[in-house]
């Protein structure tokens, strides 16, 4: 069967892959940090442009049952988000001690996976995209030499393998019971009555496996150690782009499978409750900055899962708000630590005196993560989730979400107050690219805080 | 537009406070002064909303930038701008720190936002704006146990506003509108309960009050003044402006419970004060009692009760604000708030003793001073509703208030003195004098307040009884 | 004329406001301003007395359907009481200037007296229940401030707190009574309230509640205990509280609202019983008191019993008559007592004696006052007290008999303790150490001024002028008068026995400590009210800290503990992560499958 391939909508993916190749080749020619990173950033920017300009609503790689590549508005938003995150992380890596060539190449590969994932129209494309997104991360995590880094990478790898196996098993069951892998088709089909339990099991396993990417409980254990062991920009990427990938995958799957049986939704709700609660509890007593952010991002994933129970767009909106706040937070950590690790929270004492702007940005990010002004973006994010849940008659889940928000504030204010404590350390110099990236991210956080409608419209909420 | 200016001026002031040195402080204080002037200019005798501003903001969340001011909100707006200005002036001399003054103005933005919001979501957003600046004020400039107190404050009140969030969303879900100017009034009991719980934490209503004593006893003077003077009013104002109009049926069902808790607050607050050993905690608990009267007035859902609640609100803001200023001045001088270590203020500083006596008498609801009207008419309104037991117990609570405030005066002002304290400084008198004058003025001429709130309250009551 | 009515509370109020802004030690201007305020009020009161009744209203506030109006209404009765208030206030202002000549906080003191006067006049002229309540409670506050004025007395603060608190407890009832009246009639206007037709139950509830406030202010049993303690205040203040303000307010209000009280049998019965107990109680305690001012204080309690007794038997004119004459002679007695105390430097009767020659002016004026207290013709107290007894005799029902018997016994006791005071203070030999002499002119003048009404006020009734003003016939002497005089004589003679050598109180035998300690009422009150409330307060505070706040803190601690648990469970270790992940997924899968299959 001859297919016509719609290259226009594949352009973002081509550009992303092209960026990876270009960076790899350039590193062979001129192995300089600036060149590798700039090429990566330029590539990412090109992906953004292409993603915005590419015609939406078209699809390709079609079979009678459905299409494997669906480029709609959501796919465009996801592509833009991945490219933007990649660009910012690349700039934030300006001072990271790692092979710049390898580093940029791996990130660009991962970006490619993300771009494809957003447009995935069947389970196979989805899993392939997701794995392309994740695989480079194992290597990236291990880039910082040291036992912690290696241990983190190994944890990530092993748990990831388990999760992928579970997800594939689930996908196989789904295929077996529904007789197809295309998401459109799955959403319409109903398995025969005696197969319903198996179909449900398949859906549940698929969701559980994919939940690994967002570090949902019980697949969360790797996150704190891995985050703390990886180079800081990689951690930033893990907790934003990688998480976004997980959410998109879950969104696509749940959009197709949630209505099979109530059980599926209930499992998702249980995962959400467990994830947010365990995440927040785990963060309460952390004394290391990155570990605290790791636990907090587990909890944030819980809110996303809660939103997914009722509304895909709400979940994506929340994720977008979240990644903006998270990247600002990590940006500050990178700027303040100047290529160390994240350090102890106590090391941030007096940051407000040393570098008031950094402290201001971190306060903004933490407030946003907590869902409080001045982090308006976070406030609207939380509002969106709660509204979606209440509108979907899941008020009890909304109540658990808001109770968790209270729990979470306990550790955010602890960090916030530390920044303003007295200390007489001297300020550390910050390299301009990091300043620039942080400024852009912070400005973005402020803008979406006051104009959240942009994000909400983009995801169709 | 004038309403936008009302919010923009303090916001600008908060930014100006970032300017280095004296310039920043003075510029911010000027902004506070201008805001106060502007709030006075807003006065009008029109019925309905005097000014209104309405633009879409976030349609997906039903959020409109809808502001409005009427007779119910105006007194509280003026109270807010006045107290903020006084706190700024006080801080200029007392703790000349740009960050503190900037935070005061940021706090003001949120407070004013709550009072002029006519959109439920906007109301909620403004409600949230208040949290972190207040946390920072307590945690940054508070007493020795400020960390714990500030955390408790922010977590507990966040719990309240999160329940409020659920209520807000429920209301929008059930009525399809977030408009507060013309609420649908069809939200359910559940929605009311969530809203009321949120407001009850803020007010605070017993037994959800326990953040308040800690926050007050550790907060710096200006923090305590604004906390008691305005922040607590967010809860009661919210009940009047939001919870009752959007869910009048639910409110009617829940009203007896609210009244019972309010009476509980009056009595329990009073009893705790009677055994209280620390000055600021005592006044904090007295706030629990006084807000109990306000909540009782609200629970009656009658015009009389709501009027009493509004004037009680205002009076409590003035009187407790003054009390915290005075107690703060006392603690600055003696370095202790323990009642057992104080005494003889009449000898060591007659002026301070006189002012404290005045404030205490006003606080115990002495007729002829501002505090009387709200409490007396809360009792009468409860009687009107036929809640005689509540009326009796609330009146007994009034006697308890006399008991603990006289005990306070006896411990603090009487007895021998070992110290010679400096009298009030010029800036202190300047900060206190307006509160004294207003306490007397509202006490002698309550029409100043009821004349403004009256038509708006009547309209409100008519809207939800129809 | 309405302007004059406004001036009644207005002038002293203005004086008070100015006074509060004077520097504290500025005695002379403070005294002048205070006196001027009282003088203007007195002038206005006299003008209103000779003029016609006036009324005026200004809306002060609206609470829903209820309007508070700043209403004044000056009937002849009100004008008469206002005159009495004005006279006493003026005398007190003038007298204080000399009495407290070395006080360093004179200005607030004088301003507080002015405020006190203004508050009482507000009660007198108010035509709105809420306005009445304002004056009513401001008096309580002023009494608190003034009683606590003397810094050298350790018991002053406690006495001040007691005065305010006890009356405030009564005012709980007063406020609720007003609420009952206002809620039913839907108005606070006194005229309309009096005209409203209440159901019996409502009326009983309202009047009984109002009586609680009245009992507090007018020191009726069981809310009387603050009055003797209030002696800790400077003596002129005692005169002010005991004569024309505070204690008079309660009686006046019952008379003002008499159409309501008179229509309630229950209220009348309660009033009668309380009156009888109060007059006997006060007289008994006065018999054993060792402090000059305490004797007078208890005598006030006792005399107030007569007034409420008159009200209970249905004769407000008799009550008001006694109120007015009592205002005159009791103010005089206190100012005399002040002169004595001033002279001998002590409050104790035991430190006086033989002052007749050394302080002639004080002696003669005090003699007039005591004669009036006992009720010896022709001084004022005779006429007013006889009137009460006659009204009681004429009254129907058991109330009349109760008041009559109690009143007659009290006459005897009054004569006994008055004679005792008179003899022990002015006769015999001087037992003190200071050099007593008559007071300076500024103090002497008020004594002489007040002696005139104390002696002659009753004659106004004789002239037939007072009766119509008070709204009743006041001259109705009969055989009861002779009985009363006879009993008074017995009392006086009994007290004279050996009084020049020893205190006749010792004849009281075992009763003496009982009377001297006021039947241990304070101890009982302490045990029954004060201690339980304090204990309750401590328990509430404890429970609030451990249970209510404990729950909150517990949630915090609990969360931290769980946080620690989560961290311990998540201790680094790859096998652990892998196991947990597999186990978790397995659990979810089994649970989901089980739900599906069982369905």
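Before moving on, here are some points about what is shown:
Labels A, B and C are assigned to the chains in the order they are written; within every chain, residues are numbered from 1.
The definition used in the following text is that contacts are C-beta pairs under 8 Å (C-beta built on N, C-alpha and C of every residue); 3 or more make two chains touch, one makes a residue touch a chain.
Predicted, not measured: the structure shown is a model, and the values here were computed from it.
A centroid comparison over C-alpha atoms places A as the chain most distant from chain C. Central chain by Cα centroid: B, whose mean Cα position is closest to the mean of all protein Cα atoms. Work out the mean CA point of chain A and of chain B, and you get 42 Å between them.
Inter-chain centre distance (chain B to chain C, centres taken as mean C-alpha positions): 35 Å. If you average the CA atoms of chain A and of chain C, the two centres end up 76 Å from each other.
Residue positions of chain C touching 2 or more other chains, listed in rising order: 556.
Annotation for chain B: residues touching 2 or more other chains are 155.
Shown for chain A are the residues that touch two or more other chains, namely 410. Note for the complex: chain A touches chain C at residues 151, 154-155, 158-159, 162-163, 166, 196-197, 200-201, 204-205, 208-209, 212, 217-219, 221-222, 224-225, 261, 263-264, 266-267, 270-271, 278, 281-286, 407, 410. Chain C makes touch with chain B in their complex at residues 24, 59-66, 68, 105, 108, 130, 133-138, 141, 144-145, 148, 151, 156-158, 161, 164-165, 168-169, 171-173, 175-176, 178-180, 182-183, 533-534, 536-538, 540-541, 544, 548-549, 552, 556. For chain A in complex with chain B, the touching residues are 367, 372-374, 376, 379-380, 382-384, 386-387, 390-391, 395, 398-399, 402-403, 405-406, 409-410, 413-414, 417, 420, 452-453, 456-457, 461. Partner chain A is touched in their complex by these residues of chain B: 57-61, 110, 121, 124-125, 128-129, 131-132, 135-136, 139-140, 147, 150-151, 154-155, 158-159, 162-163, 165-166, 169-170, 172-173. Across the interface of their complex, chain C is touched by residues 152, 155-156, 206-207, 209-211, 268, 271-276, 302-308, 346-347, 350, 354, 357, 361, 366-368, 372-373, 376-377, 379-381, 383-384, 391-392, 395-396, 398-399, 402-403, 406-407, 410, 414-415, 445-447, 449-451, 454, 457-458, 461 of chain B.
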